[in-house]
Amino acid sequence: MTTMAHEAEVLVPLSREEAIEAFGDGREVTVFAGGTILMPEIALGRLRPRRALLLAHAGLGDIRRSGGTFSIGAAVSVARIAEEAPEPLAALARHVGDYEIRGQATIGGNLCAPAGPSSPRGDLQAALLALGARVHSAGAGGERVDPVDDFLAAGGEGRLVLEVVVEEPVRASAQALARPHTHAYTALAVACAETAAGLRIAVAGAGPRARRCPSVEQAVANGASAADAAARVLDDVELQDDALASGWYRGKMLPLLVDRALASLSAGGDR
Amino acid sequence: MKAVGARLPRYDGLGHVTGRTAYVDDVRVAGMLWTKALRSPHHFAAVRSVDTRKAEELAGVHAAVTHADVPKNLYGHLEALGVPADEPLLADGEVRYKGQPIAAVAAEDEATALAALDLIEVEYEEREPFFDVRKAFDPDAPRIHPWGPVYPHFGPHDHRRIRKGDVAAAFDRADLVVQGVYRPTAIEHCPVEPQTGLAVPEVHGRLTIYSCTQAMYFSMGVVAAHLEWPLNKLKFVGGTVGGGFGGKVDTATETICALLAIKSQRPVKWRWTREEEFLASSTRAPWHMEIADAVTSDGWIIGRRMLTLHDAGAYTRFSSYGLTKHSFHHTGAYTIPNLDFNGYVVYTNRVPTTAMRGFGVTSISFATEMQMNRIAKVLDLDPWEVRLKNANRVGDTSANWVALSDPSTVPVVQAAAKRVGVELKPEFRLMTKDRRSGDLLPDHLVEQLVSTDGGES
Amino acid sequence: MAKHRGRGISTIEYPTGMNQNGDPSQAWVKLKPDGRVDVFAGTVDIGQGSRTVHTQIVADTLGVPYDWVTMDNTNTDSSPICTGSFASRGTFIGGNAVRFAAEKARERILDIASKELEVDASDLEIADGEVVAKGAPQKKIGIPDVAAAATWTYGELITGTGAAFKPYAAVDDDTGRVEIEPHSAISYAACVADVEVDDETGDVRVLRLVQVYDVGRAINPLLVEGQIEGGAMMGLGLGVLEAAYPYYPSVEHRGEQYGSYLAPSMQDLPEFDNVILENPSVDGPFGAKAIGEMANNAQPAAICSAIHDAVGVWITECPATPERVLRALDERAEPRRDGKRVVFDEDSSVRGVSSSGGRSNGAGFQLVDG
Amino acid sequence: MIKAPKGGKVVVKLTVNGIARDVESSPLTSLLHILREEVGLTSPKAGCQQGGCGACTVLVDGEPRRSCVLAVGGIDGSAVTTVEGLAPDGLLSPIQAAFYERYASQCGFCTPGFVVAGHALLARNPEPSREEILGALAGHMCRCTGYVKIVDAVEAAARGEVGEERVFPESRPEEPEVLVPGSPA
């Protein structure tokens, strides 16, 4: 039996509660936030959802701040992240796509983005890992809060992201490898954040998924120089070839970016 | 007021900035169907069977076509110039590149057409593909084209050749031989308007074809050939195109739209997706060029040996034309009297390459100019002076013995030097493009002049 | 670890019209009863501006204001053959077709005017929409009145057809020799590229392009600049950004969207300095040659030579991606010197890659060092 | 909650170039498709339908958006402006005039997207720096012009350096044909 895009059952919840109810256990539900990743798949006939959930009007578009704590709704645009979120999240947000795409793409979509067919996706994931973000989600078993590390490891299957909570770090820095071209993607992104929990470093774009860099964090903790610590990053990631850069080139650039990020951090970090 | 020489705005500029300019995709015809094509998922495979019956039964599908529906399926862009046909409109028995069209359907909307593709049953038998032109003659290279590893129809030869002067003597005489390899790669044409065609059945059995072709009569000829129709049964409507750069010299959508329109008796549109543009549309050819130049220590290039491998992709299209053009210009903007050029059109299992801005010459401009700068470096000479010294002059002959009537190599080089504040030595600053004489007519350049100038010089 | 500046130059030539000729363009021109002009030609406007250029050529050939002329290139029923908008032939060959057609129509205008003014046609000239007797400016008639007279007095249509064509130039397959010019004209250009190379990332930024083009005659300098700038950005893409096969000859990891196929964007924009030289052709319309295609030929070599000037490595496989530059900086390959031979890039040659040295059982490539 | 049953449609309220419309559609249909195929506005182009080229850019509540990746169900109640709605009939907006006068458009296919995005840029930032212009328009693909004259045009429009082409001159009888140049129809 062949289904077609326009045969999908589409739900447009008008509140957080309706969104949770409509998502249910998430089985056979495709969630549309900004649409920048999924809409092309529909146009190409590769995605033919049975049930689609449009989050645009679900009231998940707010950033609430209390003290150093930011609660960022899943449907908040990357553009607003670039303006209002703490570093290194804001810095990496500024590298996403282009003006229009940043206005449409959402933090929830970026968090749940699968690896692209020819280039990395989810460049904000590095910043969220570095910040030790907590992900509020709904799905089978009700609402839940997971460390972003666990959420990414599980791949977000069967979960509806409601909001992402981050603490403003003491210091933070970010580095990204981007070659200017139309609709540019970030080939490689590094994020460092020093929070109450200590220093966390993460990389996006090196392999299929964003990764924490425990070896680098350990080396820094052990007082290694920025350069020596940065060199350890290659123990933490699997390097891949894609249309933007080879694994070889990523391997050359990654220690450099980590080194620069650490240097900028010790110089006070991004503001 | 004179129009010629005036900085007049575009004739169609107001249409562009108001969004009123109508491209093919903007034409509205009642009852129009949408087309999608089933493309090969393999680089190289035998196609054992194609069955479109289930697709044709899907609600909303009005027609499907395969090679069996094409009166003249095998076509060659250059048949008129004596180049035999080698490319099927729709794959017949084998697919030679990933993305090659095998069947096409016309349906009420794009989603239905896409769904119908899933219902087309094709049996493939994968074969080992071939990609590196340099290995074309290796004993273990897979045979991928019935004509062999290279295009065999340059008269009696399997390569385009240029022979001029006495190259062996030049290489003996040379103080140095500078040799290099140059490999500009394939790029996409990337016009913002994708390939789009719309075929509308008219009364009296005519077809109106709205086309984004760069060449209406050329494409009309292609469609007429496939359909085996006289030209008066076709009307091409176009002339306004959203960028081409050579890629829209291919007649990519028109014939298949025509076949589907004839079969369904409905207007049929085919608008390629950007993914099809990137993965299945023709590209600029990748080139492999090896140059050995016989040079004198004072900077004359007295002889050139060259090997060019043109990566044609899976079918010939315009490749033999492009390579011949390449050979005619393989000395660039300079006069090199002794030449031995051998160029091959090599088949690989990639998307067929086609014309693109600078066709055949973009490659040689890169190779020749890199080679010039290397020669200057190796000889420790000024790259401006090496260029001016070897520059084409009035009365010089080109690689294929055409007397150059008014070459501007000298003036453009002088103007560029002046613009960036480079002080040329007087003899180079005052040099003209005029006929050679004195120091600028050394022995090795006499013969190439004499033989076309009846001894004047 | 630093950024290095470098400069590279290149000089190119490019032919007008299909190689070996044999590519006709035809047109016809007619006057409406009020003297306004309709032009029918099949030349496709792909953005290069042929509609504008052809309109300018017809206006000046007839001697009427530009905005009296309407250009119809919309279909094959009303337009005669044009081989197409490729091979940089639109202005020269397509332009000659409309020019020849306008010249014929001009003769008919003069014939009618000569009857109306009772002045020999050879003593008449046309300017700004009026036919004027040479040396007797008071003796004149507007082209609208000429067209009206043709229509209502003489019952004639003022029209003209034009066909531009150069016969096919056969080539000797043994020597490549041709007996007649295999092109309509040749244009020339020189390019100077200034680049900045980051020896840490291998990233190349093109800072400035100074370019000189001999286009014969710039029918519309604005459109010529458009070709120079647009072509240069395509050449920049060819030089440092674009690859349909990022791991050529492998077919893996092709970009399927603008996000992963690196076409130049506004942010790649260098500083431009365009110089147009006018060295008129003998038989092009108003001395025009061509510009379209050649505009992306000069930059890749100028840029790659500038990279050598900056960091001392030859990038001979385009595009000069950061990876290629870094690898080259790692290897610092020197040419092999063998007697008087200086051999670069051996590893990428046929001999260096093919298991058979490019030859097997008799057949094979004729190598340059063989 | 708005529900569209399997294969069903909902009514989406849009104000397109100032005219209120009820669009009946699956909420998943792209705004681009609605504008081109339902509303009949063809200036937004299907250049890539991947959100990557900018040719489909329109204003949604004043902000430039890629209509090809915008599900219409998500913009219920919004005001949509295409290049047709940037200026009163017969007039050109400054950015349109600048693009025309400065030859910022060759094949013209990308032009409506550039014009709409440039218009929005000047609306939110009347005196953008060159860097701000590049930043705002970098996601728009033009393969013809090399962008030089596009940047010049945006700068000229910002400086108000645009001439009388802001009004279609009535003195030119051929002008109506210029409005639909080379229209295949």
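Here the chain labels run A, B, C and D in written order, and each chain numbers its own residues starting at 1.
The rule we apply is simple: contacts are C-beta pairs under 8 Å (C-beta built on N, C-alpha and C of every residue); 3 or more make two chains touch, one makes a residue touch a chain.
None of the values given here were measured: they were computed from a predicted structure.
J.: If each hop has to land on a touching chain, what is the smallest number of hops from chain B to chain D?
T.: Between chain B and chain D, the shortest chain-hopping route counts 1.
J.: Give the label of the chain whose average Cα location is farthest from that of chain D.
T.: In terms of C-alpha centroids, the chain at the greatest distance from chain D is B.
J.: For the interfaces B-C and A-B, which has the higher count of C-beta pairs in contact?
T.: So, comparing the two chain pairs, more contacts are at B-C.
J.: Roughly how far is chain B from chain C, going centre to centre by Cα mean, in whole Å?
T.: Distance between chain centres, rounded to whole Å: 15 Å.
J.: What is the distance, in whole Å, between the centres of chain A and chain B, each centre taken as the mean of its C-alpha atoms?
T.: Taking the average C-alpha coordinate of chain A and of chain B, the gap between them is 42 Å.
J.: Taking the mean of the C-alpha atoms as each chain's centre, how many Å separate chain A from chain C?
T.: So the centroids are 46 Å from each other.
J.: Measuring from the mean C-alpha position of chain A to the mean C-alpha position of chain D, what distance in angstrom results?
T.: 30
J.: Where in chain C do residues touch two or more of the other chains?
T.: 45-47, 49, 51, 73-75, 222-223, 231, 234, 254-259, 261, 263-265, 267 - these are the residues of chain C that touch more than one other chain.
J.: Do you know which chain B residues sit against two or more other chains?
T.: 9-12, 190-191, 237-243, 245, 273-275
J.: Which chain A residues sit where two or more other chains touch them?
T.: As it turns out, chain A has residues touching two or more other chains at 5-6, 40, 43, 97, 180, 182-184.
J.: In graph terms, with chains as vertices and touches as edges, which category applies: line, ring, star, complete, or other?
T.: Looks like everything touches everything, fully connected.
J.: Which residues of chain C touch chain A in their complex?
T.: Of all residues in chain C, those touching chain A are 200-203, 241, 246-247, 252-265, 267-268, 322-323, 326.
J.: Help me check something: in the complex, which residues belonging to chain B touch chain A?
T.: It comes out as residues 36, 58, 109-112, 114-115, 117-119, 273, 275.
J.: Can you check the complex and tell me which residues of chain A touch chain B?
T.: Where chain A meets chain B, its residues are 2-6, 43-45, 48.
J.: Could you please specify the touching residues of chain A with respect to chain D in the complex?
T.: 5-14, 18, 21-22, 32, 34-36, 39-40, 42-43, 49, 52, 54-57, 97-101, 103-104, 180, 182-184
J.: Applying the document's contact rule, which stretches of chain A touch chain C when the two form their complex?
T.: 40, 97, 116-119, 177, 179-185, 241-246, 248-249, 252-253, 256
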